[in-house]
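Below are two complexes that have chain A in common, paired first with chain B and then with chain C.
Here is the complex of A and B:
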């Protein structure tokens, strides 16, 4: 009984961690190339959740189509943000402070644009999967199972692209040294485009999963902050780090919540401070040197 | 059209917001460190001051002072452990601390009887019926004092060191500036301002809830600094007045206010990253002299405009 309880919590933790992973790879990918924390990513996730919600409730499309629409919508939005907000800064070689400020501006804009145009009230996704499967005494909701499968499959595809394809090689090269990569004939604009697209698509998936499991509201960004913490915990700029960090954070958060649910958010931010004090580069992050 | 009560409210809000923005201007505008958690310092200040006045019966001024010092102490502690961090990590740390402070107060339950009254601090429900000590006169006085102090600080050796740190930390270090000390000073001053402003806020609203100090608040303050122009005190004043008082008067914009904020930040960063004032100061001295000259009539001509820079004017960066 006891072991079963812990196993159940572990599964819940992996569920949550998988969702965090989908979000945090977006932060990490952008950080690895452009060296700044893309705080607009939370807005992209939120918009993804809304796309899924309206696709299901207003357009009545099947689940799979809605899911793909989410990815498409968020991917497009991420690219638009890159083109309109970051691209002009990039061309001017602006310091990274300006990028963070702009990202924050974009995130405020997205959040409040949704509040102003739709409204601020939380909405519930229509129930799609209500049944649950029993595996060895473990009750596993189909939606949780779906979360784990979707996260695992998308992350595997992402890892495949990064490790095995030509564009993936270019991304890895640019994350080591963008200037040198450009000199070697890599089109760094294309790399950034692909990075934002992939991060955006995964953000859309994550947004929809989040909406299905919890709720859709304009302030989802506060949850995505936790996935950002996961990215820092795993090591900003490292893709495996983001995934491992997310899973660990998800599991730890669920266990803390099972002790006292009021402390789960506090725990996450306390962990963030602790990581920054002890090892700012996280579990697997690259060490950033301040270059003159 | 508007009652004085309403206008006074807006003015008081502008005053304490200005104080926070001034502090943030020292940290972000002058020293180039980006804080995502300033609302946390305001939160500490607000709660400490309320505990002082309500539970211990201390006078308002003393409570504000203690609130400022408590916040400053926290700022110093945070600075000690995070100022060595490079790049984004400092601002990530402030994000964590700001949220952590809010969440601690969200879970904190305190209750004790002092002077025959029960003082209740009830987690997310917060504190109610705080005495309304903050009046416009007091708020204006405090802000005037701190405006002067900021101007003096920024024109001192310490202020110049901060600017050097913002422009190029490595170069500043090479020129013999103790960059850690400059950053620490900026951090402490900024936290002090925020703490005092928190005390003013608490005694103006009459109630406190942790959700008044969300991260969005922190970013709003930072936007005011950026909007006004990084590294300019009059810019910060202008930014605060424009972004704080105007939307209050134009209530019709409602939800669109923050949409405009976000858009403004993006556009400013692309078109004019130096903000309204672009790191310069409004020549306050010249304006006053010009007005004085107008009132003096036509008896004598205006004094010839200074060639060279006004002593009060900030060095262009």
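Here is the complex of A and C:
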């Protein structure tokens, strides 16, 4: 067990964390504006993975095109879910519990919709990047590297949009106080539209990267539970929090698993409970009373 | 007034349709057929296995029926999906026994499900001939023989023994690592027996890593295994995890071969042909044996070029054995068929089959080890190793 070994495990953790980050940002974005956990996000990621799979195997498009199609498909789906499921609730000013229940419903619906229309059989992506690179004895798969790069680039773009553009300013304003923002002339429907679109696009990317590295099946959505834990750990509603939380969770999970792999889920969910009990706002989340 | 007239007509029409429907049903089930039940995973992680079993049986039943059926009667095959779930298997077994009143059941394709349906079989006194359930407890539990559970395949202890023998005697490796699902009876059974045989011969287990079902990231365990420096990784798991573990191992720069049990052997492996190249799987029968060419071609022709899985061979053997038992019993009485299973002997795709009356397991089976050739997307036969 030399330094090399721990470095390799660290790299493994960053790869896992990078994927969690792409997924958890979607949770945090929606939470920051609408104050509820969008559990349908997992379903959107799963559909993204299927879009990528069929784009590659049935349409035989190049990787980049398939990748963009994933983002497009998932982005559209996220908007459709918002319009069909959340928009009516929003108009009625329903409490956030209703949103959460509808989100869970949408998630289960998506899972079963895929089982009914395609089937429940797991599928494997065709091999796209099989080789790995060796940097000073550390092995890093091209797909893992791609995952880190895509995560970093898309998150940077997202941060740029939120910090530097007009719509980003509107999103930030709404995340502080949606009503006041609306009074200042911000079109909150547009803000919500953009938030779901961005979250959806990232979900599509995450879905395809997940599928390439692991597997495509209707229950992928459940995997995103861990990215939700990462978002809570980092502080729901905070983008930097989601990213930091995801990376830390990925690294910790890998090290726990390298000691005893049976403890990894126990650790992750114990962490969730601990965070909620001790510091519900997470590492850098905004402080609100009802966290759900 | 007019509306109510319409309503009455509608109701009458609906009743007529219902009557017609029942009439159809009567005609279909009233015939003098012999009913054979099959259950297995048509959806879920092991869908490839179950689908192949049911398709093989459909093909064989069609063939048998075209040739005049059995005892002069046509065979009616009833297939249900267990979704790979033990609870669902129990429901399906009840439906086959109580509602469809089948004379015998073939399948399901996993030990956990076979063990779960025992109480239903005992209650209705209907026999089950399992295709690939290799766990010891399928036929005998706590030293007690299960009266209605049978199988045509070898057992986990035998499979673990084949694995240990192959790694030490054939590959001449003495350092192995193990990566397995800690909550799976199948994986545990294989692992324990592999360790027993391999260490008894003089080999060392340099690392033993576990995971739980549903895990998709194995990089932590694989990095640890790499550090331990084995010559081969024994993976007594199912093919989907086998593929994921290979993919991740290769990206971590681990080029070691792996050895999987019969749960790994699948055509699906070639989806990740580059990654699994050079690894080994244990199987009940060689998938490239020329003796099976005709059978494979027949299957491909019937099912749009589909490739035959191992389960097809085992379903074939179970079916042939069932046919022999029905003929021996001279009737489709479930009890008579169960009794006849131990009295008949047949030649199947996976060798000669004779079921022992002591433990309801086949006698004198052997297992074959095959190497995966990723480049040509095929298996290369390595050797046969006696299971007993």
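Just so we're on the same page, the second predicted complex is superposed on the first by the 287 of 292 C-alpha atoms of A that agree within 3 Å, B and C clash if a C-alpha of one lies under 4 Å from a C-alpha of the other, contacts with A are read in each partner's own complex, and residues count from 1 in each chain.
The definition used in the following text is that a contact is a pair of C-beta atoms (placed from the backbone, for glycine too) under 8 Å apart; a residue touches a chain by one contact, two chains touch by 3 or more.
This one's a predicted model, so the numbers in the text were calculated from it and none came from an experiment.
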Under the stated touch criterion, which partner chain does A:74 make contact with: chain B (first), chain C (second), both, or neither? neither
Contact-wise, after the overlay, does A:255 reach chain B, chain C, both or neither (first, second, both, neither)? second
Classify the contacts of A:215 with the two partner chains as first (chain B alone), second (chain C alone), both, or neither. second
Mind working out whether A:28 is in touch with chain B, chain C, both or neither, as first, second, both or neither? neither
Scan A:151 for contacts with chain B and chain C and give back first, second, both or neither. neither
Could you say whether A:115 touches chain B, chain C, both of them, or neither, answering first, second, both or neither? both
Tell me the contact category for A:265 with respect to chain B and chain C: first, second, both or neither. both
Classify the contacts of A:224 with the two partner chains as first (chain B alone), second (chain C alone), both, or neither. neither
Looking at A:175, would you say it contacts chain B, chain C, both, or neither? Reply first, second, both or neither. neither
Once the two structures are fitted together, what part of chain A is touched by chain B and by chain C alike? 115, 120, 222, 262, 265
List the residues on chain A that touch chain B in their complex, please. 31, 35-37, 84-85, 88-89, 94, 96-98, 100-102, 104-113, 115-116, 120, 222, 225, 228-229, 232, 236, 262-263, 265-266, 269-270, 272-273, 276-277, 280, 288-290, 292
As the complex stands, chain B meets chain A at residues 32, 34, 36, 81-82, 85-89, 91-93, 95-97, 99-100, 103-104, 106-107, 168-171, 214-216, 219, 222-223, 226, 254-259, 261-266, 269-270, 273
Residue ranges of chain C in contact with chain A within the complex: 43-45, 47-48, 83, 182, 209-212, 214-217, 219-221, 223-224, 226-227, 240, 243-244, 247-248, 250-254, 268, 271-275
Which chain A residues qualify as touching chain C in the complex? 1, 5, 8-9, 12, 15-16, 115, 119-124, 126-127, 130, 132, 134, 139-144, 213-215, 217, 222-223, 253-255, 257-258, 261-262, 264-265
